[in-house]
Amino acid sequence: MVPSSEIPWGALLILLPLAAAILCFVWPKLAVVTGVVTMLLLTLAVGGFAWQLQREGLYQHAVGGWETPLGIGLYGDGLSLLMLAMTVLVGLAITLYARSYFNQKQARVFWPLWLLLLAALNALFLSADIFNLYITLEMVGLAAVALVALKGGRDALNGAMRYLLATLLGSLTYLLGVALLYHSYGTVDLVLLAERIDNSPVVWAALGLMGAGLLLKTALFPLHFWLPAAHASAPAPISALLSALLVKASFYIFLRLWLVLFAPLGGDVALLLGLLGAVAILWGSWQALRQTRLKLLVAYSTVAQIGYLFVAFPLAAAAGAMLWNGVSYLMLSHALAKAAMFLAAGNLLLFGGHDRIAELDRAVQRLPISTAAFALAGVSIMGVPPSGGFIGKWLLLEAAIEQGYWLLAAVMVVGGLLASAYIFKVVGYAFTRSTATPEPQSIPMGMEWAALLLAIASILLGFTAPWVFALLGIGDPFGGGAP
Amino acid sequence: MEKVTLLIMLFDLLLGLGLLWLAWQLLESRNLFKAVVLFVAFGLLMALAWVRLDAPDVALAEAAIGAGLTGALLMAALAKLPSRDKSEPLADEKGHWLLRLALLLVAAGLGYVVHSLPESAPGLSAEIANNLASSGVNNPVTAVLLNFRGYDTLLELMVLMLALLGVWSLGIERSTREEPVGPVLTTLVQFLTPLLILVAAYLLWAGADAPGGAFQAGAVLAAAMVLLLLAGWPLQGLLTGVALRLMLVAGPATFVALAGLTLLDAQLLAYPPQHAGKLILLLEVAATLSIAVTLAALFLGYRPRTNKEPG
Amino acid sequence: MSASDYLSVALLITGAVFFLAGTVGLLRFPDLYTRLHALTKADNVGLGLMIAGLALQAESWAVVGKLLLIWGLVLLAGAGVAHLIASGALKQGVRPWKK
Amino acid sequence: MNTALLYSLVGIGLFSLGLYALIVHAHLLRKILAINVMGSGVFLLLIALAKRTATPLPDAVPHAMVITGIVVTVAATALALTLMVRVAMENHRAELSDQSQE
């Protein structure tokens, strides 16, 4: 028996879902079992990986035994761990939900795609090679597009197409930046790039290109045009994983590149990102408030919440690691809360046959678990204590006030108020009786509980901050030096 | 000597301008059929550019995949569009001067950046040369693809599988063509298919030491299958179910299995040097098969199934 | 330059003239069928001459064999595809040009 | 003007042309062609700059990257084309529609 400290958890996180995807592609009858078992094994693996990181510190692995710059390096620190844990938590809920959600024909496609997507996300969070990241980005993008279109229907197909074009454009722009960096510094490894980088026109061009590509995928205002259509029209579990995980994946790469390569030269760029973030908060929240359809409301709320992540950039230089802890926490709690919201919205849509907010028709009594999930997740999105969203936003707000960025602070507060408004709008209608009452459909328990458990987790995050921050510190991801 | 370099420079300049002109023509053509034909021509010119840039491996991949298969995919998709969609007036472009200006500035900026790069840079060629002996193959591109950066290739095979899953879930089965294809095409295909299989085998084998390898071989093999499909051979009826799926995953599965085995030695995808050559050949054979069948299946555009299988 | 070099040059230039003629024909002929005629005829002969010119310079018989194989394949593909295009056009009702 | 610079400038030109066409044209097939042209531009830049070695042999790493990129692009193109056909069936034209169906 190999001692568990020597089990290569990091590599398993990538290989396991790949092998499982192949298995359920070849034998679709095994798909559901394989999917559920793999998800549980992945949870175990993230646990093992966390334990390993805590004992041994930074995870570094030269794939193929070839040291960088020739080979590809796997790299895992506290930030990678947070992203992996986020993927697993949301993944568990989505797996539970999807088990009952898809019919047999859809399941045959869903499970291999979902497992490949998990593999791609894990590979993305563990890669320190900017070309390898390009491939994982393409995997993530293509899998997501296929998933959005899975159930067909005019809106979903249009949304998927728009998303595909946006994601391909983003990847190619990113790749052009990779090409310039490689040909300037002779490596695609992030650690080596951090050592070799200087202030040259190439770095500025790479920042512009890779930044634009990744921000398009992250849907930062004004590059968010593709998001509402895709996120709102996809099947519910897919909407959840798009909003919870996918936008975070490209944001994660952007954050890494920023911390390692671009932060020293980008003071003005940071300010621009902050301003775009602020506009995103206001615009996204306002649009969310105006929507009459529940899933579109949740999708625009994502546009707004992405804004918060970028507000941190101009504050970071003075605030240091604690601010990035806040951003990471915000990512995590938004992922859980937004996934819960989309799953709950999916239940309401399935239950009533529509997602018109004005006709939610006493959902509180008729579908109490899902409505509770929506409301609880809403608490975290609003940033009310004691939720996880509160911790993240509080750290941001504190830094903004301390540094005298009053405008940003005000925008964050207004964003919170607008969020309360659109959440209460939904909850309010959920208490009201409406005129038209279509025949309700029954919702499987698993689908209701998946939403509620995620929502509860997003609230509980409000109590785990010190512990999570300690884990985040492994490998000093926000130290500002080499990753 | 002077005159020869001048001629070559003139050739490069003409080729470069030709590429830009063709790109403009194909993107701005009113007629979509013409655009697709021009795209294939563009791909062939690209292959010529790769040869000029001493990248024969890429030239082969471009000619087979970039121009050949993409062209076939585009044609097949065009045939499925409603006919009035195929030739449409272009959008009104008068209002786009601001965009043009912005893109011109971006291009100029990028041009300046590229110009600012040093005229000579070794890249990783020294590292490759130093480690080539223990990589198991003599062609540096194959060494990078299947050994030094084999992990990229593993993920890339997954991208192909992903795309196929997407196409299968979205594609709509179409009835096979009714009209007979005629003796000329049948004879042509009968003659070309064995030849293409031979070429694919050669490319696969030669890839260890010379330009070629799994991707090029797979693409040529896929071309043979596309030809057979076009000539009305019922490949989609012959190759279905588990047999088809096993062929599709042969490459990725071998790769993942090898990754798992190497992981037992604690080093992901590290081949023992004395076996590296054989392992790479094994990987390449499996990958060629999968790439070929996947590309052909992508061209077919829907999931082939036996009558018994559920929809 | 030896005699074979001169012969090569002559063959290559003649081949190029055929290609030029074929291209002019492609651009100037009145309809699809005549254009196909110009294109395939010039390509086949022009390429044949070029192959002959290059074969004279080849270092080994293997290279000569490969060159001949290329010519054979192009002949086959050109003839086959020209036939397919022409018969397809006829089926679609494209009328041959009459003066 | 050397070869590497010439071809990388052509690559940038192709990227920009493709980007322009991607933004301006509504027809999905044109958009897909535009993405392919952009991709060719990026690949051309990658390979052209790999020629800057002092030896006659170019740097092989970008060559491998581009082969990977070509395969990824054909996979994405196949998916995009299939999706386009479905979208065209739903919208009755091969363009994206802004209106959501109730």
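Each chain carries a letter (A, B, C and D) given by its place in the written order, and its residues are counted from 1.
Following the convention adopted for this analysis, a residue touches a chain if its C-beta (ideal position, glycine included) is under 8 Å from a C-beta of that chain, and two chains touch if they have at least 3 such contacts.
As the structure is a computational prediction, the values presented were derived from the model and not from experiment.
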Interface ranked first by C-beta contact pairs:
B-D
Taking the mean of the C-alpha atoms as each chain's centre, how many Å separate subunit A from subunit D?
27
How many angstrom lie between the centres of subunit B and subunit D, each centre taken as the mean Cα position?
13
Centroid spacing, where centroids are CA-atom means, of subunit A and subunit C in whole angstrom
57
Mind pulling the residue numbers of subunit A that touch at least two other chains?
131, 135, 138, 142, 145-146, 149, 176, 180, 182-183
Residue numbers in subunit B touching 2 or more other chains?
110, 114, 117, 121-124, 128, 148-149, 152, 156, 159, 162-163, 166, 170
At least two other chains touched by the same residue of subunit C: list those residues.
none
State which pairs of chains touch, listing all of them.
A-B, A-D, B-C, B-D
Could you please specify the touching residues of subunit D with respect to subunit A in the complex?
15, 19, 22, 28, 31, 35, 38-39, 41-42, 45-46, 49-50, 52, 61-62, 65, 68-69, 72, 75-76, 79-80, 83-84, 86-87, 90-91, 96-97, 100-101
Complex interface listing, subunit A residues touching subunit D:
131, 135, 138, 142, 145-146, 149, 152, 154-155, 157-158, 160-162, 164-165, 168-169, 172, 175-176, 179-180, 182-183, 229, 233
Can you list the subunit B residues touching subunit A in their complex?
109-110, 112-114, 116-117, 121-124, 127-128, 131, 147-152, 154-156, 158-159, 161-163, 165-166, 168-170, 242, 245-246, 248-249, 252-253, 256, 259-260, 263, 266-271, 310-311
Subunit D-touching residues of subunit B, taken from the complex the two chains share
9, 12-13, 16, 19-20, 23-24, 26-28, 32, 35-36, 39, 42-43, 46, 49-50, 52-55, 57-58, 61-62, 65-66, 69-70, 73-74, 76-78, 80-82, 85, 88, 90-91, 93, 96, 99-100, 103-104, 106-107, 110-111, 114-115, 117-125, 128, 140-141, 143-145, 148-149, 152-153, 156, 159-160, 162-164, 166-167, 170-172, 215, 291, 295, 298-299, 301
Looking at the complex, which residues from subunit D come into contact with subunit B?
1-10, 12-21, 23-27, 29-30, 32-34, 36-37, 40, 43-45, 47-68, 70-79, 81-86, 88, 92-94
